[in-house]
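Two complexes come next, and they have one chain in common, chain A, joined by chain B in the first and chain C in the second.
Take a look at the complex of A and B:
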């Protein structure tokens, strides 16, 4: 019998095979999406789901997706990018500054901020959505990009992650040294702190980015005009178009549009995985 | 080591006077204030506003609203539609969340075990669905469930039956559970995995010297270290289940007769507002769900952190 060691175990084929089964479950819908985005609308109905069929129409579908209805998909893509850059970018900045402030300063009211933020996280975000809509409607903000961007600016999870990360990654001695050199608090933040926080910031940026890119409920409620829709709300509108009187189903465009919506995020995750994974592990050191 | 502003030979640290020190601590607000301001606008103000709304009721004939105190709350507690939707998400929660978290736990332990071939590949692929918007996930699975050009049709064709009907009344909740599981196993796996990564190596060595095998190590070293993460993942999943909206609302297009306007409490609140203009009652439903969720999340947190500490 081979000696078994917990610290240097041998690879197991059985375990790998079992996990491969789960991998298949994970991948089947994505493979299905890729395959069916290559089909024309009639071929979708005439061919089997997990096999190619009919003429190869992927590029034709992509072209149609971008030109259909006066190029509205392109507009939705632009809206989504706007919401992500301003919303998720702003959320990352706010969470970084606040997380650092909470970790490194003992200011009066600090405990109250912590309690209120964590307490509010337990309140379901979507339960808040309807009252937020009503409030924003009173403020005249609904059906504007701001109504989607402003709520996206808050990421309690991001705040928590940066806080834990900053407590660990930034020694007080470093701040003291900079202060003795005569640097102001803002300058210390910009020149000393930010560099130390990079893995944490990348992690938060990625998660807020995914959340904003994938957000559906909030824009669904806030926006009434398709010209402000993000991709998610637009895609569902295309899908719903197949129902009701005078229905004009465009399933091939829904599928191709879905594929195009996923691709940027998948690429971002693959490119940035080293960074965000180290950020997450560091974040879970303290419990 | 990254270069910093620290001089090569640091001067002996001068202690700041208490007054200067406290002024500096106040500057912490400089960093926290922007977050707090936006937070107040997007979290606190709507909560307060919703509470205000819940105390009033629309006058059907005269227009305007009238103060009704706790009447709306009494109405929610007697509302059969509300309780039907509540019990549905409760059932969803009790079945789906344990399955999802168990799968995530097994995946995290397998990837962390160092006994898996190509562990890095598994980690990335299993996490991938989290990057897929709920809308796209629900559309994709919804089409696959359908018998037009989905896989259900292929499967039925293969088996020579018409028994596979994921979009039927009987199967719908399970079908939605499958979509949610598919979306979030990877996310929870990552939470568990990053907690496993920071377990000190010495603990494994000590376990190994004590003669512990792989399963013994999992039971006595890894699972205790995961306790905090499991509690957090459970709380997030409870909140997620109670506010279930995206997946059923999108699949409603495919099966409008199965998924009604009050399929989940959140859909109920949404449809009260946007379908029926009953803003006051909708706000009350939202508050009741918020309170129930917060209470259950709090109880889980208390139990989770107390046991075995």
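Take a look at the complex of A and C:
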């Protein structure tokens, strides 16, 4: 296995050390989370954070997480999945269609669209939350799933990514060949383009998925009833129970819930990383 | 999580700014209340029945709603836990600004009440004759729900401050219960010198605590008359507190543990933190969340500057009726039941500290020997504290914003030991600037 010395003839100790540090920095919170999800609430307060302590309560904690407050964790999980499937899925489809269109068609106003998209990438979602809330309130959509899903459908960054990717990955000659063969634009998009774009689409899907899965601020503003909360807002509400007069801390359930919440994301990354890797190397080799 | 929180905080500030701006342009706040009305319309609404929505995070809220619906089967209360304090205020502020989407009845802490009352968002309950309840509540909580000569809620709980201390740690290190702040300082030094793992208390810069301490020391930094606001965070009382507390900060005698974190609960249980100067609602938290401290903790009056008993309020909430409510009379009926009726009992049973004089003086409450505190009759100390609350305190009409920027200014004094007075001066400047931007006329000093 000595073939990978082509680009890197000597190993750098400094780089290795930096990478090791970075690895520790990345993994410690995860290790902490796994360890502490196995503890009971009293053991959390009596044992060190990075060591096991008290009875092994992971399965008991999972059971409690699922049943606490009438099993509302499942409801939150379902809400999150709904927001991710419809919101992130829709965002990916829209970004793909629009990004391809902008990359491969010439039409008036294209430069203006370019400016708007770049501008939109620069505006943090947080700054738009209040205006969006007021707008949705006028439409009577606040405190409904739509108020979370509709804003999630827009992903300027995803659009930009597909745009750049499509410009590189799809040769104009290919499209011209298809046109000469008599294919319509829609058919070209569905049968020729989409296949070429798969790595880009998966990348955008991952980004929007993670973004929607972790989205905290928008649902916090839009939703007032816990029955529509996604996991992020719900778990934070559990955490806030430890605060102030009459506090009822349930840190053990917050931790276990957080652990359960990241599992689907980890699985998604493991399944899709192959596509993602090939997506990241796009344009690195001259064809 | 903390990044998310601080973003939410920043947002809350922005939302508040916008809401206040709207409030300003829509005219001046309602003037002094006219003659008080009667409770007849409230009784009638209760008889007619209907549906109301109630936002609260009180642990007893669920039980209270169930008990209310059982007593009045023709009223349906839609209970929503819309988040704990700041989160709820953010949502409330948004709903008020949008003109729709708010609840009928909402829980608001005393410090945040003036801001909602002054932006004309709450019903003045004097129109239903609730002004007549004054004699039934402790003086400090009643003055907390009075804004501009109107009654904007009924007090749910109160938090007169007392000294909670770990008797075991005190005895082991030969420390007597401090009666004055000088003795408290001496105890802090002695304890930490004897056992460097132990601290007299923890404080990482909490605006609610700081203001309560200023309140007790005689400081009155805020006053408001309509839209004219005065801020003086350098008055004699405030300086009395800072000169004491600075010694604890600069001597590194405070445990660097954030309130309400898991570390904090742990430190209360294992003696790392040996006293808490906090509101009378704390015993319920000890019982439910600090099992390791059972039998070790005791309660004494809050230390003072001259040995004369005086204390302040820390925390406490009220329930108010929103102007948006489609059925304000029924909402008022629910508020009356919650805090001036059968709703008080389940609240006290859940560990809350009452605001009603009948409960504060009932022998069953006052003479209860509490096993967690080694059988001490702690309510004797706490009810006395509720009588010793210093008078004349006012919060800012934009206190939630003020609290959200406390750590950016005064927080530096805690981090760098640069002195509380400098931090308070910076806070004052931020509050004057912000208030003027929001259409108040704010003067300093």
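As a convention for this text, the second predicted complex is superposed on the first by the 266 of 287 C-alpha atoms of A that agree within 3 Å, B and C clash if a C-alpha of one lies under 4 Å from a C-alpha of the other, contacts with A are read in each partner's own complex, and residues count from 1 in each chain.
The rule we apply is simple: a residue touches a chain if its C-beta (ideal position, glycine included) is under 8 Å from a C-beta of that chain, and two chains touch if they have at least 3 such contacts.
Just so we're clear, the structure is a prediction, and the values are computed from it rather than from any experiment.
Visitor: So if we stack both complexes on chain A, do chain B and chain C clash, or do they fit?
Guide: Clash - chain B and chain C, as placed by superposing on chain A, overlap.
Visitor: May I ask you to decide whether A:247 touches chain B, chain C, both, or neither, giving the answer as first, second, both or neither?
Guide: second
Visitor: Which partner chains sit in contact with A:32 here, chain B, chain C, both or neither? Use first/second/both/neither.
Guide: first
Visitor: Go through the superposed model and pick first if A:134 touches only chain B, second if only chain C, both, or neither.
Guide: In the superposed model, A:134 contacts both chain B and chain C.
Visitor: Return first, second, both or neither, reflecting whether A:225 touches chain B, chain C, both chains, or no partner chain.
Guide: So A:225 only meets chain C here.
Visitor: Touching A:42, do we find chain B (first), chain C (second), both, or neither?
Guide: A:42 sits against chain C, while chain B stays out of touch.
Visitor: Of the partners chain B and chain C, which touch A:142 in the superposed model: first, second, both, neither?
Guide: A:142 sits against chain C, while chain B stays out of touch.
Visitor: What is the contact status of A:117 with respect to chain B (first) and chain C (second): first, second, both, or neither?
Guide: Only chain B is touched by A:117; chain C is not.
Visitor: If you tally the residues of chain A touched by each partner, is the higher count for chain B or for chain C?
Guide: It is B that touches the greater number of chain A residues.
Visitor: Which of the two partners, first being chain B and second being chain C, lies in contact with A:210: first, second, both, or neither?
Guide: A:210: touches chain B, not chain C.
Visitor: Pick from 8-16, 62-70 or 170-178: which stretch of chain C gets in the way of chain B?
Guide: Among 8-16, 62-70 or 170-178, the clash with chain B belongs to 8-16.
Visitor: Share the list of chain A residues that count as touching for chain B in one structure and for chain C in the other.
Guide: After superposing on chain A, chain A residues 44-45, 126, 129-130, 133-134, 216-217, 221, 236, 239-240, 242-243, 251 contact both chain B and chain C.
Visitor: For the complex, give me every residue of chain A touching chain C.
Guide: Of all residues in chain A, those touching chain C are 42, 44-46, 126, 129-130, 133-134, 137-138, 142-143, 216-217, 220-221, 224-226, 236-237, 239-249, 251.
Visitor: What residues on chain C touch chain A, complex-wise?
Guide: 1, 4, 7-8, 10-11, 14-15, 18, 55, 57-60, 80-85, 87, 90-91, 94-95, 97-101, 157, 159, 260, 262, 265-266, 269-270, 279, 281-282, 284-285, 288-292, 315-317, 350-353
Visitor: Can you check the complex and tell me which residues of chain B touch chain A?
Guide: 2, 4-7, 10-11, 13-14, 24-32, 34-36, 38-39, 41-47, 49-50, 53, 103, 107, 110-111, 113-118, 122, 124-137, 139-141, 143-144, 148-151, 153-154, 182, 185-186, 190-191, 194-195, 197-198, 201, 204-205, 207-208, 212-214, 217, 228-229, 235, 239, 242-243, 245-246, 250, 253, 256, 266, 269-270, 273-274, 279, 282-283, 286-287, 289-290, 293-294, 297-298
Visitor: Looking at the complex, which residues from chain A come into contact with chain B?
Guide: Per the stated touch rule, the residues are 4-13, 15-16, 18-19, 22-23, 25-27, 29-30, 32-33, 36, 44-45, 47-50, 94-95, 97-98, 100-102, 104-110, 113, 116-117, 119-120, 122-135, 150-151, 153-154, 159, 174, 176-181, 183, 185-186, 189, 191-192, 195-196, 210, 213-214, 216-217, 221, 231-233, 235-236, 239-240, 242-243, 251, 254-255, 258, 261-262, 265-266, 268-270, 273, 277, 280-281, 283-285, 287.
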